Amino acid sequence: MTKYKIGIIGATGYTGSELVRILTNHPDVEITMITSESRAGDLFSDVHPYLQGIADDVLVSLDQIDDYELDLVFLALPHGVSMDIVRRFHDRSFKIIDLSGDFRLSSQKVYEEWYKMDHIYPEGFEKAIFGCPELYAAKIKDAHLIANPGCFPTSAILGLAPLLHANLIESDRIIIDSKTGVTGAGIKAKNVNLYSNVNDNFKAYGLKHHRHTIEIQEIMDKISGERTLVQFTPHLLPVDRGILTTIYARPTRILEESELHELYSAFYAHAPFVRLRKQEPAIKDVRGTNYCDLYTTYDQRTNMVIVISVIDNLIKGAAGQAVHNMNIMLGLDETQGLKLIPLNP
Amino acid sequence: MTKYKIGIIGATGYTGSELVRILTNHPDVEITMITSESRAGDLFSDVHPYLQGIADDVLVSLDQIDDYELDLVFLALPHGVSMDIVRRFHDRSFKIIDLSGDFRLSSQKVYEEWYKMDHIYPEGFEKAIFGCPELYAAKIKDAHLIANPGCFPTSAILGLAPLLHANLIESDRIIIDSKTGVTGAGIKAKNVNLYSNVNDNFKAYGLKHHRHTIEIQEIMDKISGERTLVQFTPHLLPVDRGILTTIYARPTRILEESELHELYSAFYAHAPFVRLRKQEPAIKDVRGTNYCDLYTTYDQRTNMVIVISVIDNLIKGAAGQAVHNMNIMLGLDETQGLKLIPLNP
Amino acid sequence: MTKYKIGIIGATGYTGSELVRILTNHPDVEITMITSESRAGDLFSDVHPYLQGIADDVLVSLDQIDDYELDLVFLALPHGVSMDIVRRFHDRSFKIIDLSGDFRLSSQKVYEEWYKMDHIYPEGFEKAIFGCPELYAAKIKDAHLIANPGCFPTSAILGLAPLLHANLIESDRIIIDSKTGVTGAGIKAKNVNLYSNVNDNFKAYGLKHHRHTIEIQEIMDKISGERTLVQFTPHLLPVDRGILTTIYARPTRILEESELHELYSAFYAHAPFVRLRKQEPAIKDVRGTNYCDLYTTYDQRTNMVIVISVIDNLIKGAAGQAVHNMNIMLGLDETQGLKLIPLNP
Amino acid sequence: MTKYKIGIIGATGYTGSELVRILTNHPDVEITMITSESRAGDLFSDVHPYLQGIADDVLVSLDQIDDYELDLVFLALPHGVSMDIVRRFHDRSFKIIDLSGDFRLSSQKVYEEWYKMDHIYPEGFEKAIFGCPELYAAKIKDAHLIANPGCFPTSAILGLAPLLHANLIESDRIIIDSKTGVTGAGIKAKNVNLYSNVNDNFKAYGLKHHRHTIEIQEIMDKISGERTLVQFTPHLLPVDRGILTTIYARPTRILEESELHELYSAFYAHAPFVRLRKQEPAIKDVRGTNYCDLYTTYDQRTNMVIVISVIDNLIKGAAGQAVHNMNIMLGLDETQGLKLIPLNP
């Protein structure tokens, strides 16, 4: 079988290196082009030396893209940069999966309010499909442009979708308390990811105004058909990768614990990457994999539902979910290349 | 000046070693007796080798207590053990500060429901004063028996007290999402504090049934004069020490951000160990100290108050707060021996 | 093709779970039996919950072994236990790879001197082949019993073999300073692997008497044909997995840096899991893989050779090397199932 | 008593904040000036927010130095910057303790060879006293300019001094294998101290050419009266603070273990900050303190001496040793302000 030809735009960050890690062992595709403007001419393994002997591809400039035949391209770029690339290449034959936040929201207006920057390609909001395979597989199959979900939104949406879909919780007062590993802050050295500021430490950040708040809330609106209100608070964990999200919601009526479990089992019956756990999951339980592990419980004393949702932010929250989308778009088995087993410990 | 004579019952745990660390540099007291049943005859620095040359006291059995003249005794023991010691010594002349959970709740009935064990000295519930100096300094001054607050309750109560005291929040739906360092699980090796189960990892535990839930809730009831309902969820951080508690509460009326700050400033005007922070505090900001750092904010979009509360669980959440109580009980300056500066990084 | 049938004796430790992780994705074998005496009847994923949905095999007692047809069996057991199993099953048709230290040394006498315990199956020393594929592939191919090398010895031997083989260093004064992750101490909770004893900490242990000293030295003797003398000092790193070994040796004559590189390139020309690195490797560069990364340099000023050797102790230092041996014994491609890519970060 | 007036030049780094932490609780001195060119006008606690309420001094520019009466000044600056300040102020009445490497070596020639930069104040090499109180207390007492020792040299020199002083080891082949916490790389965010490059990781760096090699070697020469040759290899630990140095040396004659202990006991009989340990010390055993913990042993089998030396790199390896020097220079008790107790865990 001829392999599909894949391009990766952006090589220096974690999403780029995770895409390469996953696609290298994917049987149905081959990486034919990796671009980097700052490191063109170097090897991919010069940028990520641990991949010496595994991914020694020569990096090229995006300007050389016409030299390549491509079926699909991943954009592993910061928000604000992606929109320009999408504008430039949206009418090419290759499909695009954008891992940035540039096309995840509903409109230019909402984007500019929460991202505090101008959007130069507002047409993209109509074209882009929100790439959450557990919710939108049919649309993803036919999409030309995918907005790959953010890491926090992935954990929160998968944790809440069954409840919202069944309209079982008060939608205007959902508490989402998330804790993320440091790789969520990117690969560039800065105060926030300086070792001694993170190690043996813990703090909240981005209270009230984190951009993922609106991304979560807009998808919640769609799932529930109601206007939701989300209080989202991220915290920074002294770990490399992983997100654990603790969700608190009040049911609209008295529940049974078993009812909750049946609801989630039914909703995720055909979702190969969602594991419903018997005990509270830990982030290392999914490290290095595309799993989202969920645990749900109901507190009779307080009449509250608690959901714990755990993912690897770089995989299910970025590169793995992107490959999942790619599999669906290319008509492949959705688990192809993604049968990753947790590295634990 | 003659120094006050202090005994420490229980030498092998973290609260014991932290008490010794703090009291060693305290100008007005001297440690005259440290007991350990399992290590009697050994030096304190045999049990905690990093204290070689600093605390080489010979450990004795509790049975030798009559050989010592004592003004005050700390019980650094597990719950279930403390109650027996208090029963045995409650009518001695020395004062007692119990660092366990045995006398923090309102009654035998509540204790047995949440601790799932019998209480053999229910008379103690009447006698014990809940040793939170920011709330109950006057009572502590005259107390003979102090129930030193739990670590999670300390962080939660100090974070919520001003709001509850002013009856400014809906008291029946308070979300308390706490994250603690591993020392909270004690010094004995077990699966929960095995390095590779904790490092680069994170998880929730004790959902719905953690004993500190009721300790928090009963004090909330007292402060607010209302029946409160608390949803408390602890999580285990890959750090040695520190608790960060994120609190979500809905105000009973529309607030102003500035109003919130004035409320807290007034409430804690005379509390030397509460620092009101301009930014979100991190747990390392208080490491090794008796501070509780608080950050409060109001989200107009969602009409929610968020409070971040940070302590060192072994100090403000245990040994430091106990020494604070001791200072008050002995009529000393309350900050004596507690002018500790954060070790950061 | 019919798959080879594999048994794993011992399920609760890290080597057991790593064997399962690797073999699950191996195309040519199937795990047909996993035994555990303490957990027989439970699922493998009850013992290692992160493998829920991946490895839900029912654990059986070793007494049921006759119910299974087996081509090869791994012993993932502590030393002292393995020798008994080998004695019991050494004449069965299935091949045995023993991951313990019970058959790595040259004789009962040496074993009893360094392990301070009796050896009940001394005949095994003759039969066992030391399973270092880079040195003994031909012998491994025909072996019935493999003594899988220790983790420290693997890193040290691969680092020194080219120099010793060429008789280029003074063999009686080799300094091997090793640093290991905590999983080397096993999965059982004890003081040495208690989180707060390891986190943000570092120490040496086992000075002068660590058992791996003699394992290294005996292999060094064989490679060099001389009597070597090894000073081996292990240290405990606050990391889960990984060993970095720093080796100091004096050349027997003045060297050129380039000579050193050519020596290693030639020696490891056909070793798919040894990577010769241009810069000092870090332990995360090989995490989750079967690689041994080597860096060599010569200091003209002091006339010393320095070698840095890095492995994942659970994979190249245990389960991965064992599967490598299995591949050779079963006549498979030696990299089958072992094309693992580092998880970094 | 009037307190001595102290200035600190350089406020943004770790040595600056550690000096403030120590001096704040020092009974005989007061900090009267802290300078920062980049942050002049801000509070010290704006730069180090965890010191809010503890050190709210306004930072000033060095140009304002004449507004202050000063007895002693600490230079908490990078090498290359200090030399300029010393040149400018060397004839003022205040004493100077320079924490950089600018005046630790023997001459301009050696400096320029190892630091690869020009030295603009070579006269300083004559004037500066190497501030190791255990070796040079008498000279320090009368010094006007102190070159405060580097962190690695402190751990290595204290570990080897008794052996060298007694000429008991071969001086031309000393192996010094050091492992340091991340704060040794400074407070500025860069790749080397990026969290995910350090966490769960470990590597060697600066092989053969690290500047501390020559600093160690020159002091060894002086102590032994011989020409020494030092192989020094630093490694980067995933910990905030602490250095553990493992030293290997061959004795010039057969030794007894007890002889070694007597040698060290005698040599350090009057050194309040050197603790001779019965077991291998860990870096957390000295965290937050001015201790250097030493462990020595002799291996009969190999005829080698092994020394383990442990310090807190920011205290004994920088700010604490500087305050120790200050105490001696000002005629104070040498332990004043330095009775720090380890924070462990």
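Points worth noting:
When the chains are written out, they are named A, B, C and D in that same order, and each has its own residue count from 1.
Keep in mind that, in the parts below, contacts are C-beta pairs under 8 Å (C-beta built on N, C-alpha and C of every residue); 3 or more make two chains touch, one makes a residue touch a chain.
Since the structure is predicted, the reported quantities are computational estimates derived from the model, not experimental observations.
Common neighbours of chain A and chain C under the contact rule above are B, D. The interface with the greater number of C-beta contacts, when A-B is set against B-C, is A-B.
Taking the mean of C-alpha positions as each chain's centre, the chain lying farthest from the centre of chain B is C.
Averaging C-alpha coordinates per chain places the centre of chain B 37 Å away from that of chain D.
Once the centre of each chain is set as its mean CA position, chain A and chain B turn out to be 39 Å apart. For this pair, chain B with chain C, the centres built from the Cα atoms lie 46 Å apart. Among the residues of chain A, those in touch with two or more other chains are 183, 196-197, 199-200, 238-240, 282, 284, 287, 345. Residues of chain C touching chain A in their complex: 14, 21, 24-25, 48-54, 183, 199-200, 240-241, 275, 277-279, 282, 284-288, 339, 341-345.
Against chain D, in their complex, chain A makes its touches with residues 182-183, 187, 189-191, 193-200, 238-240. Residues 173, 175, 177, 179, 196-197, 199-205, 207-208, 229-231, 233, 235, 237-240, 242, 244, 246, 248, 250, 280-284, 287, 297, 299, 301-302, 304, 306, 308, 345 of chain D are the ones touching chain C in the complex.
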